[in-house]
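After this come two complexes, each holding chain A, first together with chain B and then together with chain C.
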Partner chain A sequence: MMQETLLAFEKVSLSYGGIQALRNITFQIPKGEIVTILGANGAGKTSCLRAISGLVPLKAGTVRYKNEAISAWSSKKTHLVAGLGIAHVPEGRGIFPELSIDENLDLGAWLQKDPQVIAKNRERVFHLFPRLKERQFQAGGTLSGGEQQMLAIGRALMASPELLLLDEPSLGLAPQIIHLIFKIVQEVNASGTTVVLVEQNAHLALQIAHRGIVLETGELTLVDEAKNLLNNPKIREAYLGNS
Partner chain B sequence: MTEFIQHIVNGLSFGAIYALIALGYTMVYGILQFINFAHGDIFMIGAYIGYYAGNALGLNDHPSIWGFFVVLLLSMVTSGVIGFLVEFLAYRPLRKAPRINVLITAVGVSLFFEFGAQMLFGANPKAFPHLVDVSKSFYIGGVQIDSMELVVFTVTILLMLALEFVLYRTKVGKAMRAVSHDHNVALLLGIPVNMIISITFVLGSAMAAAAGILVGMSYPKLEPLMGVMFGLKAFVAAVFGGIGNVRGAVVGALIMGVSEQLIVSYGVPTFRDAFAFALLIVVLIFRPKGLFGKTLAEKV
Partner chain C sequence: MSVTQKSYFTWSIAIFLGVLFSEVLYPGLNGYYQGILMVAGVNIMLATSLTLINGFTGQFSLGHAGFMAVGGYTCASLTIYLLPKLGLSPLGIGFFYAAALIAGGIVSGICGYLVGLPSLRLKGDYLAIVTLGFGEIIRVIFLNVDAIGGARGLTGIQNFTNQRWIVACTLICCFIMFRILGTNQGRGMQAVREDEVAAEAMGVNTTSTKVGAFVMSSFFAGVTGGLYAHYYGYLNPSTFGFMKSFEVIVIIVLGGLGSVSGSILAAIALTILPEALRPLQEITKVDFRMILYSLVLILFMLLKPNGLLGRHEISYYWKKFRRSKT
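Take a look at the complex of A and B:
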């Protein structure tokens, strides 16, 4: 059975100044899956997400979303990418520390005009993360790291995204919080949202992902189903601590 | 004691005007991290628009409170448009350039306005028309409050409440605060950052124009370089309050207005202008982030 492709990279290259971050990358993200992008520091994982959102212009190649070549305009009109149903939770969470949790969530719904949908999404976020509801009126900056990550994901969900991009959601968090967040990512995916998950923690990521993409210094080295990657001796050695 | 309170009241009315200008500096800094040195000149232009509009409406001979509001609104709207154009034409093309380039451009825009105004309006001082009848004074327990001071307080308080409402109660205000924290994250949420920046310039310029009208009415002498000293002092007030902090700018400006008044009354009147710069030096040495600089600890 052929799966519908939601997002595709076609020979994408990208560089910052003289430093090439992605070289000739091609892959597809099937609709409805969790796809994890793995790789060491500086392999180009974050750059892939930035290329999708249009935060950096491509040097060559095309990013297609639902068959539209969005990379043709996405770096010039970055704020329009969110309107396609793409929500990007950036590295370091990117919450607004001076704004309350409520206000952070409101801004996640910036493009959502229907107040009923906003109310429904807010309820869903509070259902997924009851802790955010308790602290609704507190400034975002007073939250713990884990709560900030919850807020960042919750804010992204306020836009009812079709494609959710998560950049290192586990960074700097305690194991039980990471498990909680990964469980929620699975729930979100089960309700129909496609997820691209960039992770350092390859073991955890492959456990919830359907598919994995492995990058090495800007080049694509492997694309496979997650369960195959978990058993792949090379991957075990390089990213899973050879256990 | 009555005399002291009198000086405080007079100082507050001066400070309120500084505050209107300081808000524009601090909002633009908050959102773009640069000092818009042309801001004081928008204040001057606002005053001149008030001069021409007031005379055109014949308010000098028939002062009226409604006429005053028409002039105020006209000046605020026109200056808002000028502020929008300054950002759009001069600063937006430099959005990705080093900050020093934008700063130098701002100085250039400032000079353009100052000498453009000399060309357009003439270098000789002009007498601002009487927009409202402000000959009456009121007394509260021996403290005299002029009608003009009453006008200043009413207008500044209304404008500040309006700004407070926009910033903290509206979607656009939330977006302005979000953009001032991080442009990229705001973009990822679909917030049109450039539009939010434009709105910031429009609001700041309109507030400065209102200050221009109030200064014109209080000290009815207009000249093309009047924005320099007022602009600098408002800038110092914004730094004093914590640049980028809206409430800080208001508090800083009020303290500055009162201090100036006290220096003139009890100290050395000729040091009035020196005070602002002494304050700037002291703040920069001992508390560079100002009174209300970011104190919220961000957990990582």
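Take a look at the complex of A and C:
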């Protein structure tokens, strides 16, 4: 592999109480790619993202970001991980419902001190999602599901992240909106941001991703290029719904 | 006008009104009304400072009276035991009093830090119980320490607090609370209230934000305690029971959790209401006041469940009103 590795899992295990969510997972995420994590419910997709941003402590193993073992100091210190340029869009979006869209975006730029950069990022977010500009002063909670997802992604982009973690952005959205959001994820990626995408909709995710990671009840079963996975009969049967 | 100019303008008006009130209006009133207004000032400070925790940061503290007691006793002990030994001029006494108020606030803030650090991992009801416990512990400690009066209460506190002190401290307290809202720190607090995980993912250190709000809030509760002590000239542990904390909670819920101007209005209204109902007692010959007071609270909550101003400041409604007219 020629590409530089941005993030690496080394024998990562993670458990919630007695339930083991991840077992001995090892994979690399190359810089500049879209990598999608696939798997059924409870396979450990979300746990992978939580392990990266330090929302849950690891049981064993290491998560390395730019060769630094962030898992050593990141457990329960998510705000420090955010400071490294890792933006996590949590499952269920996690927007701030009582705050206006503007304030939501401001909070996305919490660690960004340079007002010029903030203004530039805001411009970019409004360019990607013109909808948000129309509703700038409206409370986040009054947006539709799709708009909330746009806001969640937009807010994450305010931090000008190097690594964007998206947890099921298509959850509960109309197909049209999903296509729009995936198109934007591709645009964001094209401008240099590495994306880790957790998805139920494997077909769509593999179409925009460079690489896929397949998890099954907490174990890594397959890592391959997306187009190979799309043609892999086993994957087609298990996740794509046609043989 | 730009936003900053506008806020300078608003605050100059507020300061002007404060001076007008304390120098012209207040001396002309009779002692009864003066007393009510002083209590209103104290309540405004308590309410706005508690808004920081319960309103902005979304935590639930029931220990505000405890922090007030810590500040009150600290400040009063300083003026009783230390001040006479220094032999200061009247101006020096003024400065000493200001320093003692701040010292009371700082000690109270330290207590806030000590209570907040371990307990702010808790949420909602659980945090409420811990802070309630803290308030009671403080009360029982003061009840049993003889050097500061114990159950007899602390007497011999000089009446340093006049309307100028109250007005100045109230203005400073409100100013800081309003300003915090606009800062990055204030936004972080609101983010913690709305969604802790998302706030953390944005890089907000939720623990330090919560503890910071707690310390700030208990600091002002402490200063208020000092003012309170030197207004009445007497402190008794029973004043700082959990009913006192509840009083403040009622004020901020009624004013709208998360609205500084709402809690100011509610503090004034709820201080005046029991007194305004007094003439009724003379007509009916029975004290219906507390029944009516409670009824007003119940009706108000039924008709306006989000409180007087909801989560917005008064300027929001003013803008809305102006927009609807054009």
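Following the convention adopted for this analysis, the second predicted complex is superposed on the first by the 240 of 243 C-alpha atoms of A that agree within 3 Å, B and C clash if a C-alpha of one lies under 4 Å from a C-alpha of the other, contacts with A are read in each partner's own complex, and residues count from 1 in each chain.
One rule holds for everything that comes next: a contact is a pair of C-beta atoms (placed from the backbone, for glycine too) under 8 Å apart; a residue touches a chain by one contact, two chains touch by 3 or more.
Values in this document were obtained by computation on a predicted structure and should not be read as measured data.
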| item | value |
| --- | --- |
| Combined model on chain A: chain C and chain B, fit or clash | clash |
| First (chain B), second (chain C), both or neither touched by A:S15 | neither |
| Which superposed partner A:T62 touches (first chain B, second chain C, both, neither) | neither |
| Touched partner set for A:T142, first chain B, second chain C, both or neither | first |
| Which superposed partner A:L111 touches (first chain B, second chain C, both, neither) | both |
| Partner chain in contact with A:E103 - chain B first, chain C second, else both or neither | both |
| Contacts of A:G172 with chain B and chain C, given as first, second, both or neither | first |
| First, second, both or neither for A:T5, with chain B first and chain C second | neither |
| Winner by number of chain A residues touched, once chain B and chain C are compared | B |
| Shared chain A surface residues [contacts with chain B and with chain C] | 53, 55, 78-79, 82-83, 87-88, 90, 94, 96-99, 103, 106-108, 110-111, 155, 159 |
| Chain A residues touching chain B - in the complex, by the definition given at the top | 53, 55, 78-83, 87-88, 90, 94, 96-99, 103, 106-108, 110-111, 139, 141-145, 148, 155, 159, 172 |
| Residues on chain B engaged by chain A in the complex (per definition of touch) | 171, 174-175, 177-178, 181-182, 184-193, 296-300 |
| Of chain C, residues touching chain A in the complex | 184, 187-188, 190-191, 193-195, 197-206, 311 |
| Residue ranges of chain A touching chain C (in the complex, touch as defined) | 53, 55, 78-79, 82-83, 87-90, 94-99, 103, 106-108, 110-111, 155, 159 |
